[in-house]
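For reference, chains read A, B, C, D, E and F in written order, and residue numbers begin at 1 within each chain.
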Amino acid sequence: MKFEAYREAFPNAALARKLNGVLEIRLHTDGGKLLFNGHTHEQFVDLFHAVASDPDNRAVILTGTGDAFMDAISPEGFDFFSPQGYDKIFREGRKVLMNLLDIEAPMITALNGPVLLHSEYALLTDIVLATPQTVFQDKPHFDFGIVPGDGVNLLWPEVVGSIRGRYFILTRQVLDAQTAKDWGVVNEILPADKLLSRAHEIADDLAALPPLTARYTRIALTQRLRRIVDEGAGYGLALEGISAADVARAAPTA
Amino acid sequence: MKFEAYREAFPNAALARKLNGVLEIRLHTDGGKLLFNGHTHEQFVDLFHAVASDPDNRAVILTGTGDAFMDAISPEGFDFFSPQGYDKIFREGRKVLMNLLDIEAPMITALNGPVLLHSEYALLTDIVLATPQTVFQDKPHFDFGIVPGDGVNLLWPEVVGSIRGRYFILTRQVLDAQTAKDWGVVNEILPADKLLSRAHEIADDLAALPPLTARYTRIALTQRLRRIVDEGAGYGLALEGISAADVARAAPTA
Amino acid sequence: MKFEAYREAFPNAALARKLNGVLEIRLHTDGGKLLFNGHTHEQFVDLFHAVASDPDNRAVILTGTGDAFMDAISPEGFDFFSPQGYDKIFREGRKVLMNLLDIEAPMITALNGPVLLHSEYALLTDIVLATPQTVFQDKPHFDFGIVPGDGVNLLWPEVVGSIRGRYFILTRQVLDAQTAKDWGVVNEILPADKLLSRAHEIADDLAALPPLTARYTRIALTQRLRRIVDEGAGYGLALEGISAADVARAAPTA
Amino acid sequence: MKFEAYREAFPNAALARKLNGVLEIRLHTDGGKLLFNGHTHEQFVDLFHAVASDPDNRAVILTGTGDAFMDAISPEGFDFFSPQGYDKIFREGRKVLMNLLDIEAPMITALNGPVLLHSEYALLTDIVLATPQTVFQDKPHFDFGIVPGDGVNLLWPEVVGSIRGRYFILTRQVLDAQTAKDWGVVNEILPADKLLSRAHEIADDLAALPPLTARYTRIALTQRLRRIVDEGAGYGLALEGISAADVARAAPTA
Amino acid sequence: MKFEAYREAFPNAALARKLNGVLEIRLHTDGGKLLFNGHTHEQFVDLFHAVASDPDNRAVILTGTGDAFMDAISPEGFDFFSPQGYDKIFREGRKVLMNLLDIEAPMITALNGPVLLHSEYALLTDIVLATPQTVFQDKPHFDFGIVPGDGVNLLWPEVVGSIRGRYFILTRQVLDAQTAKDWGVVNEILPADKLLSRAHEIADDLAALPPLTARYTRIALTQRLRRIVDEGAGYGLALEGISAADVARAAPTA
Amino acid sequence: MKFEAYREAFPNAALARKLNGVLEIRLHTDGGKLLFNGHTHEQFVDLFHAVASDPDNRAVILTGTGDAFMDAISPEGFDFFSPQGYDKIFREGRKVLMNLLDIEAPMITALNGPVLLHSEYALLTDIVLATPQTVFQDKPHFDFGIVPGDGVNLLWPEVVGSIRGRYFILTRQVLDAQTAKDWGVVNEILPADKLLSRAHEIADDLAALPPLTARYTRIALTQRLRRIVDEGAGYGLALEGISAADVARAAPTA
């Protein structure tokens, strides 16, 4: 797929590509901080698919807008509580992670602030930069009373270690940027006004590699993650769906 | 299995369950510090099986008694040195780990002091709290001259990293609580008199989740550990058994 | 294979074995710092095979000579750029890692200085000691514009965590000894003049274990690494080879 | 567990053990053909657990009563249609297969007639004998409109090949005994009046092996099946549960 | 994706969907027998992606046109012999198999005649019907002197057994329909004029299942194939690419 | 390794290589039928290593001498009954299978008669030809009362299916050539006087492929077998060793 075919296709993702092939993906809602909802859940499946389909992307930066990377969720466009409604989430949830891994250009996440949901997106990219204000948490699942089975269950233990990862999920721990760096989730902490320029600096270096080299390096570095996701994401999401159905039944008026 | 059916069944485990479903398992010998021996090896297989069979357990705390979690071992009830004798250890050794993982309620280990053997029990639980006096070591295997193949060989590299984990086992390293926390084995260090109350605080939160949600979250977080244990524990224990047979032959009067 | 059959067989490896079975392997070029080239690439396959074939090796120390463990590479003896030439690298590259893992004696790497290539050798040993001057980097692959697919892609994420490992490779990060220790790559930092004596101290302890016990413990601790290497090394090396062929075509006079 | 402790414990399984340690398990309902329902689903979990816990079982024969091994299912005791109800099926469904595999004595299934549900039980045993009247089918899942996710999805492709196995499930194929033998599901076809005596003949031979040998051979032959079941059964059952919830919603008065 | 959005999008695939959701995909070139080339290699990646993206497909039939399913290949649109040219084949080759497996509707292949290349497409569908004239062979790889690494290396041993599968590939064996049926590759052999009607008969039955049930059954039946393909296809294709580069160098004027 | 360096190195293997690179390995004892013993067990490890190390081998034929491929075993050179003695068998047993798989030239076994032990050698080669007099059985393990854990436990279920494979091992089934062909163990049955010429005919075809192509095809076809062997052979052999130690203790005068 050529860049022109998808650059304007995503209402919640501003795409800009430099001549050297560095693509910046900035998530947003109406130009401001992203509000995650059922529509973005669906849209990001296609977004990552499009980016993965275009070998002209030589390095990819994923970032957010405003004072958070992703900290707000709206029920709009989601139906968690019927099997048919959840089926859409189930399909998209498995697909979005594999599509992210199908992007063969090296990926950098530039966290411009808190990430309280879908932190597994960042963990599937290769390099993570963060501002001092960035915190990590997996919040909405337990707030809604449902299983955090969308991939955070797989990737946090993989990245920070089994016991740290399970504690993080089970206690809804708020992980500040420095601790996240100490634990190996964040590679560099940068002031907000230096974040993107540093991301571009690294991306420019990667984009200067021979194109097959950069892409095949990402493949060689992520084969293990593909297996973890392909084997585990469906099961986790299925359990999440059953728990959501149970919550719905228990609710007075669901 | 109903709680009443097993609450008094285990001479070396005091079980108490609160109305909210939080089960506390306190290991002990005659009410004091646990002395691990062949009888407890067998008993804990059944203990974890019983706990796993009872869906009314909503969160589980595993702790010890006195000034150590587990630091003493007695040969009583063990026959390491004949194939038939070792067969019992082999069967129980594989089973105890899978039974621990069959417990679907989220699990917290509250380490009230040193754990010098079977530290893999703690590593299979989801959250590990420790007192400042807690130290970790894998001591008896090499003291007896046999292979540490009971699961510590699998779980230490998994939790703390491959090179740290192998060094820990091979050098009989004594790991203090703070280093263990820095390495991701321990989540929180607490004064001895706060240890259990903090464990209950976390357990109460987990027990307040919808029951399927708490249980399925543990499943989603431990599927990877099940594979590691099911694939590797038998082999490690078989090697341990052969090494024990060799030690027995070499000994003057074994 | 008996020690006499191979002790003098390797021009770039000085072998010395103590009566207790501790084997020291010192890599060198003409007695000084090793210059890695196509000939050593081939030679080390046979070196590790020989060491693995001799059960009289009770513990193995791998070290370098002079002020670096491995920091220089020469194109001599390598043909990266034709399929038939690369085939030799491909075969040797897969074999050298499995042969290292076939060594069943516990292994210690004593890093006497920088390791800028083939750091995966150290990561496959069980214990890593380093001097304060030691730094880690994966430098030549990207300097030559080719995929770092020789095993560093697999083992760095395994040992230091997924995001740290990918950053290390992708940014050609220079990792100093202290950071490497904080990340779990290095177990102990020692002054240069204490390095080998400490390695021997640890090795002597391991060699004092019953022989089956020491060997089977290494087996029990490395089964996971065997799978990672056997499954992933061929693919990574194949991708590296394709990238090298591409670089060769793009070069003006390759 | 000693035989006396469980021989009379299972209303739907008649247990008889010969002096040589050959255990015959005959499934039945009130002495006649088994009617599978929610109570047997639960009971067989405990049945296989008990048999697995007793090392005095040297070989195990599993058979049925009357003119079918298992061809009838009653909804009694099942709640497929609420999350909490299905949770019981989910737990038991995963457990029953692992408990079957935990039986370390070699196992023979003697199929006395059609097996239209839970044919995966037979496929987890080591040897399958059948009468000419035996047919295989996976019938109730699609009759009820739900996913055949209880293990038949995993084990039929494993035993008969991927395309035969998927066709068998998807078309509700009726497989006669001779075709099943041609496909490798059945080892021997025997007249009804010779079935059990032949099963005992084989079992007697196996029971005459040294006890560790017989048991460890079953372990060595089934390690692969343990992984298939442990990795896949939970996911399949979760999908089955979601499909059941969907069917329930679609039904006029569920 | 809605059917209207892609029904006319593929010049070499005629798509027709019945009201019950049964989709028939008929591969062709200008309405006649398919001539496989580099353009169809690319096109089928998108074809299977589109079909997978549309949950309104309830069952899918894949068939060919004229007297062969796929027996002719043209070099047009392929560049096997430069790294950059092969990179396109490498990317598409991995993607096309995963996209086929992403189709969650049950799939039936109706083989209207010989399949001499890409027989792995059929093996990834769930049910295979064939005419008496159908033969299987993997012909072009060895004819061109390159590695059959596109998935046939993985799927033939999986479906027909390890030794049969390796012989089939290595000897370019021609497998007639009856032998293929005896080996479990073909489920039913039908006269050419009954082939499609039988495929539709089976598909209609599957499409009559509740929609989640049919889709989740395919997921539950193919999880194992996803792992085989995701782990192995990249490596096989990389080896195929290196062998092609070697052939190109050896050729007089490549 | 060059052919000259190893052609005469193996007293029980006559090696002959044609100009086209087809290597014939004929196992024998003093020029007649092979008598397998502890010395051949050790020797074949080195034999397969040497053959694997020589890329000039373009295709390999493995055959026997006289009226059996391998049907006789002598205790000479084996010590099954002490841990140290068994350790040698354990090491060689794991190594011989991996060395066989390290041979990257396509391999053909020409079975000149019964194979009653180590039939897994044949199953690891790619093509199996047999005379009508050939039968398969796994006989000595159970005759000696020990676990058949040397790889037959892994490879028979892999090649012939799970239930056929387990029955074959457990009942010491004698499998005639025709049944073996029906089950997919044997590709072709040939009169004794045509066996080798047919093997050479196939080998000549394979040797005529471009050298990287032939070798990489074997790699692409056997990656799955490498994992099965590397993961499972050690465990099976360890269990076999424990069972042997038990048998030794039970024997009146062991």
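As a convention for this text, contacts are C-beta pairs under 8 Å (C-beta built on N, C-alpha and C of every residue); 3 or more make two chains touch, one makes a residue touch a chain.
Keep in mind it's a predicted model, so treat the numbers as computed, not measured.
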Hey, what chains does chain D share as contacts with chain E?
A, F
Ordered by label, the neighbours common to chain B and chain E are A, C, D, F
Cα superposition angle of chain B on its copy chain D, in degrees to the nearest 5
180
Can you check whether chain A and chain C touch via the same residue numbers (shared by over half) or via different ones?
different
Need the CA-centroid distance for the pair chain A / chain F, whole Å please.
49
If you average the Cα atoms of chain E and of chain F to get two centres, how far apart are those centres in Å?
35
Computed distance of Cα centres, chain E from chain A, in Å:
32
At least two partner chains per residue is the criterion; list those residues in chain A.
83-84, 87, 160-161, 212, 219, 223, 231, 234-235, 239, 242-243, 246
Where do chains touch, given as pairs?
A-B, A-C, A-D, A-E, B-C, B-D, B-F, C-E, C-F, D-E, D-F, E-F
For the complex, give me every residue of chain C touching chain F.
49, 55, 83-84, 87, 91, 95, 98, 102, 104, 211-212, 215, 219, 223, 226-227, 230-231, 234
Contacting residues of chain B [partner chain F, same complex]:
82-84, 86-87, 231, 234-235, 238-239, 241-243, 245-246, 249
Contact footprint of chain D on chain F as seen in their complex
142, 145-149, 153-154, 157, 160-167, 169-171, 183, 228, 232, 235-236, 239-240, 242-243, 246-247, 250
Complex interface listing, chain B residues touching chain A
106, 123, 126-128, 158-161, 184-187, 202, 205-206, 209-210, 212-213, 216-217, 219-225
